[in-house]
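Written below as C-alpha cells is the structure these notes are about.
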Amino acid sequence: MRPIATTRSATGIPTGRLAVWWVIASEIVIFGGLLASYLMHRLGHPEFAGPDFAGATTTWIGATNTFVLLTSSLFAVKAHDAAQKGNGPRAANFLWCTFGGGAMFLCIKAMEWTQEISHGYVITKNAFWSFYYVAAGIHASHVIGGMVIMAILSSDVRNNRELQRVELIGNYWHFVDLIWIFLFPLLYIAK
Amino acid sequence: MSDHGHAHDHKGHGDHGHGDHADHPSYEKTYGILLVLLLVSIAGPEIGIKWVTLVTAFGIAIVKAYLVASRFMHLNIEKRIVSYLLLAAVAFLFLFFAGVSPDVMKHRGNNWENMAAQDEVDRATTEAHNAPAAHH
Amino acid sequence: MYTLIERFLPAASTYAHDIDGVIALVAIIVGFWGVLAEVILIGLVVAFREKPGVKAQYITGEQKSEMKWIAYPHHLVLLCDVLVIVAAVRVWYNVKQDLPPPDTTVRVIAQQWAWTFVHPGADNKLDTADDIAVNDELRLEVNRTYHYKLESRDVLHSFSIPVFRLKQDAIPGRVITGWFEPTKTGTYDIQCTEMCGIGHGLMPARVVIESADGHAAWIRSHRPDASLAAVK
Amino acid sequence: MATPIHEHHGEGDHGAHAHDDHHHDPGFVQKYLWSTDHKMIAMQYLFTGMFMAIIGGYMAYVFRVHLAYPGVHVPGFGQVNPAEYNSLVTNHGTIMIFWVAMPVLIAALGNYLIPLMIGCDDMVFPRLNRLSYQIFLLSAIVLIAGFFVEGGAFGGAWTSYPPLSAKAQYNNTPLGAPIWLVAVALEFIAFLLGGINFVTTAMNSRAPGMKMFDMPIVIWMIVIASILFMASVGPLFAGAIMLFFDQTVGTGFFDPNKGGDPILWQHLFWFFGHPEVYVVLLPALGVVAEVITTFSRKKLFGYRTVLFTSFATGLLSFFVWAHHQFIAGIDPRMANVFTVTTVLISVPIAEMMFVYIATLYGGSIRLTTPMLWALSFLVAFLIGGVTGIFLGASGADIYFHDTYFVLAHFHYTFVPIAILAVFCAVTYWYPKMFGRMMNETLGKIHFWLTFVPFNGIFIPLFILGLGGQHRRIWSYENFPELSRPEYYSLRHFASISLIIMLVSQLIFIFNFFWSLKAGKVAGKNPWRANTLEWTADSPPPHGNWKELPTCYRGPYEYSVPGRESDYWPQDEKS
C-alpha cells in the first residue's frame, strides 16, 4: 500500500534518510535558537558563573551523562552496522542497548534534578536555572522520543523487516547526543 | 518508510556499504577518541586558566561534534549536499546571534541603557561576595 | 516648504520636515516605478488580447538581447535604492543617534494606561525637589532643545507625537534617550502606538507647547511639594 | 497502516463536507479524516482554511463596523468593548496568516500539486501527511477554544510581545494567552511535518526525465517556502516554549525584573516573522506564474531568472527581520544595517515583477477568471510592494511605524497573497479537483465585486495612515487629531467596502457548490496547459495515473514555432 513515490530517489539519497536529515536541520535551529539566547545571557551576565547559578551544577554528573550518551551512540551505530550486514536480531539487540543508555541517562537526570530542586534551585530561581531546566528538558524529551521509536522499531528489525530504519533512528539518536555534547560545556563546565 | 523503499535503501547502502567496511574508521576507535576528549574537557577547568577552560570546553565540543557527525552519522560518506544543508542551518544561528546580541547581550548602547539587567548583575555579584559558595 | 504629510498634520519639530522629506523622496521614486509598472502591465494586457489566427510569440527570455529588458530596470532600481538608503539613514542618524546637547531634560514614564511626564521645574534639573510631575500632559517651551528619558513601569508602550514625527517604544527595565525641539506653539496629541493591553486605545495624552513666558508662568504656578508626590 | 480510500468520483463530496471536519460519526472520520491520499488531505486543508477565513472575515467585519461607527451595536455581535476589540484584531491577524494563508497556499496547494505536477502517485510519507493535517486541525480547534475560556481570547496582538503576553496581570487573559500560544506552536509542528514531506517529495520523487529545472515554478516556490519556514521557525518555536514557561510557571525569560529581556522575544518572533511573509508570498507567485503562462500562451520570460530571484529573495529575507523593530527599542545603529538589507530586497522582488510583466509581451491573452485573478494579483501586489519601501527606509518609518499606513501596506501584500492568488489557484485547478468547470460569468462578477471593494477598503486606510492614525485603537474619540469628521467618512467608506467584499463571497460559495453538480464536464485538460497534472483524469483517481508519466521537457513550452498546436505537454514524446 506504500506509494511508488517513496521508492524513487532522484537525489541518490534514500527517501527516509533524506527526510531525517531535514528533521535534524529543523531541530538544529530549534535548539540553536534556545542556545543562542542562552549564550547571550551567559555572556551578558557574568554572575551566571556564581554559586547560585552554574556554580551549583555538578560537573561529574553531567560528565557521566555525556559518557552514557556517547556509549549509547556507539550501540546505535553498531546496530546500524549489523542492519547493513542484514543481521536483524543483532541490530535489535543493539537497539535495546541504546534504549538502555537512554533510560540510564534519564534516571541520572532525574536524580540530579531531584537533588538540585531540593537545594532550592527550581526553574524560577533565576535566569540561569530557567535556561538550565528548559534546555535540558527539551533535550530529555527528545531522548524519550528516540527511545519510544526504537522500542517500536525493534520488533520489525528483529524479524529482518525495515532494516533501513535502524540507520534513520540511529542518525536521530546521534543528533540528540550531539546536542548534549554542546549542552554539557554550556551548562556545567562554563563556571 | 516503505517496502519498496526498503529494497532500494539497501541498494543505496550497498554503495556506501563498501566504504563502511573497507576504509571507514572503526566505530570503537572513534568511541575511544571521544572518551579521551571527554576526559580532557573535564580536566580543563581544573587548571583554572579561563582561556584554557574555554578551549577545552568548547573547542573540544566542536571536535566531538565533528567526529560524531562524520563517523557515526556517516556524513563522511553521505552526499555533500547534506553537510551543506546542516551547515547552512548552523549559519543561520550565527546570523541570529549577530543580529540580536547588540540588544540582548549588551546592557547599554547608543542612547539606551538596560538598567534592569545591570541591577541584576550588581545584585547577584554582591550577593555572591557576601555569601560564598556552600553547595553540594 | 509644504509637505505631503502637512496636508494632514502640522510639522511642529525641527526634524519633522526632514522626515517628511524622506517620505516625499520615496513617494516620488516608488510613485514613478509603481505607475510605470502598472501602466505597462495593463497596456500589455490590452495590446496582446487573444486575436483569431494570431499565435503568441516564442520568447525564452534567456538570450542576452532579451535579458537586457530585465537587466536595465534592475540597475535603475538598484540606483534608486541607494538614493533611498542614503536619505533614510541621514535622517535616522539625526533623529535617533546623534542628539544635540539639551536645554532641558524631561522624564517620560509610561504605564498601563497613563503617561507621567516629569518636568525639571525651575532649577531645570531632574530628581530635585521642584520637579513637576503631570499625568497625560507634557508642557514644553517652543524653540528649546529637549531630551526625553523614556521608561516603562510594566509592559511595552510607545511614545508618539505625530506632529513631531517622533515615535519611540518604551521598554520596561530600560531607559531610552531621545530628543526633539518644538517649533510651533499649540496643543497636540500624544499617542501610545504599541499594543499595551485593554486600555491601549484609552491612554491619550496632550503636549502643550507654549511661549517662553507662558511656560515660565506655568512652572511658577506649580508648588513643588505637591508635585513630588505624583512621581512616587 | 490505514489503507488509503479509493475514490474515483466523490472528490466533490469530500469538498462539500470536509469543512465541517469535526463530526464524530466514525464512517465519516474514516472517509474524510483518515485518508492518506494527498488530494484528500489537500481538500481537508483547503476547506479548513476557507472555514477559518470565514471566521477571520467575520472578525474583520465586527471591528471595522465598530471603528466606523463607535459604540454602535454591531449586527451579529453587539457592542464591542476594548477587551473584545483587542481579541478580535489579534485573532484576525493570527487566523488569516497561520490558519488561512499557510494551510491554503502551502499545505493545500502543496499537497494537491506536488505529486501531480512532478508525476508521482502520492507524497512520500502519506501517513506523516495525514498526521500533519490532524495536528493542524487540532491547533485550529485549540485556537477557537480560546474564545470560550475564562477571561476570553488573547488580545496582545499577533506579535504577542511580552511582558504583555507573559503576565496575566497585564493582559487579563490568564487562559487565553497560553491557549493562543499552544495553538500557534501546534500549527508550527504541523507545518514542519508537512514541509519535510514536501521538500523530500520534490527532491526525490520526480517523474523519470524531469530534471530540477523542468519542475513547474509553483513547485519550486512551495519547496523554497517550506525550506524558509523550516529554517526560520526554529528560534521562535524555542521562544514559544520559553514564553509558555513565563506564562505558566513564572520563569523570567522575557521579564526584565528577573534578568530576562523583552527585546529577545521581538527578535525571536521577527527572525521567523519576516521570512514568513515570503513563505506565503512565493507559492502565490508560483500560482500566478502557472496561470499567466497558460492564458497568455507564452513561455515564462526567463525561468532561471525567476528561480534565482526567488532564491535571492529567500536568502535576503533572513537579513531584514529587525525592520519591524526600528523604533521598538533596538540599538539605533543596527537599524542602519537593516535599512540597507530591507531596501535591497526590493531588487529581486522588482525583478520578479518585471519577469511576469515581460511574460505578457507578445502573448495571446485570454481573460478567463483565473487570469483576471492572476493579473489583479500583480496589480495589487505592485502597490503593496512599493509602499513597503516607505517602511523599510528607517527615516520614514519613524513616522509610519504602527500606523494604518503599515496596516494598509501589508494588507496590499497579504490580500493578493491569501485571497487573490488563492481564488486564482482554486478557479484554475477546480476542473482538475472536481472534474467540472466553474461558471465563468459568476466567476467574473465575483472577481470584480472582490477586487474593487478590496481597493475601496485599503486606499482610505493608506490616507488615514498618512494622517498618523495608529493601529489597534479601540476608539479615536480620545484623540482630537484622529476624530475629525473627514477621517470618519474615510472609515465609513472602508467599512462599507469591506461589507460589500464579504457579502460578494457568497457568489463564489454558490458558484463553487453549484458547479460541483451543474458545471460542464471539464475533461483532462480544459485549459490546454503543459504541466503533468493535466494529463491525469479529472478528478485524478487514487494513485493519479494508470501508469506514471515520463517527462520530456520544461513546463512552459507554449506556442513553440513549427508546431500547429500552441502547447506541448511535458509528457508528450514529440
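Observations, loosely collected:
Every chain is named by a letter (A, B, C and D) in the order it is written, and numbering of its residues begins at 1.
To be clear about the criterion, a contact is a pair of C-beta atoms (placed from the backbone, for glycine too) under 8 Å apart; a residue touches a chain by one contact, two chains touch by 3 or more.
Since this is a predicted model, take the numbers as computed values, not measurements.
Hopping across touching chains, the smallest step count from chain A to chain B is 1. More C-beta pairs in contact connect the chains of C-D than those of the other pair, out of A-D and C-D.
Note on chain placement: the centre of chain B and the centre of chain D lie 36 Å apart, centres being C-alpha means. Centre-to-centre spacing of chain C and chain D amounts to 31 Å, using the average Cα coordinate of each chain.
Once the centre of each chain is set as its mean CA position, chain B and chain C turn out to be 43 Å apart.
The set of chain B residues touching two or more other chains comprises 1, 88-89, 92, 96, 100, 104, 106, 110-112, 114, 116-117, 120.
For chain A, residues that reach two or more other chains under the stated contact definition are 2-4, 6, 9, 11, 13, 15, 19, 22, 25-26, 28-29, 32-33, 36-37, 40-41, 45, 126-127. Multi-chain contact residues of chain D (touching two or more other chains): 124-125, 231-232, 235, 256-259, 261, 263-264, 271, 329, 332-333. Remark: the chains found to touch one another pair up as A-B, A-D, B-C, B-D, C-D.
Chain C contributes residues 4-5, 7-9, 18-20, 22-23, 26-27, 29-31, 33-34, 37-38, 40-42, 44-45, 48-51, 54-62, 66-67, 69-70, 73-74, 77-78, 81, 84-85, 87-93, 95-97, 112, 154-156, 158, 160, 162-163, 165-174, 176, 188-189, 191, 193-202, 204 to its touches with chain D in the complex.
Contacts from chain B toward chain D in the complex involve residues 1, 88-89, 92, 95-96, 99-100, 102-104, 106, 109-112, 114, 116-117, 120. Of all residues in chain D, only 124-125, 231-232, 235, 256-259, 261, 263-264, 267, 271, 318-319, 321-322, 329-334 touch chain B in the complex they form.
On chain D, the positions that touch chain A within their shared complex are 1, 3-4, 115, 120-126, 192, 195-197, 199-201, 203-206, 230-239, 241-242, 245, 249-253, 258-261, 264, 268, 271, 543, 548. Those residues of chain B that touch chain C in the complex are listed here as 110-117.
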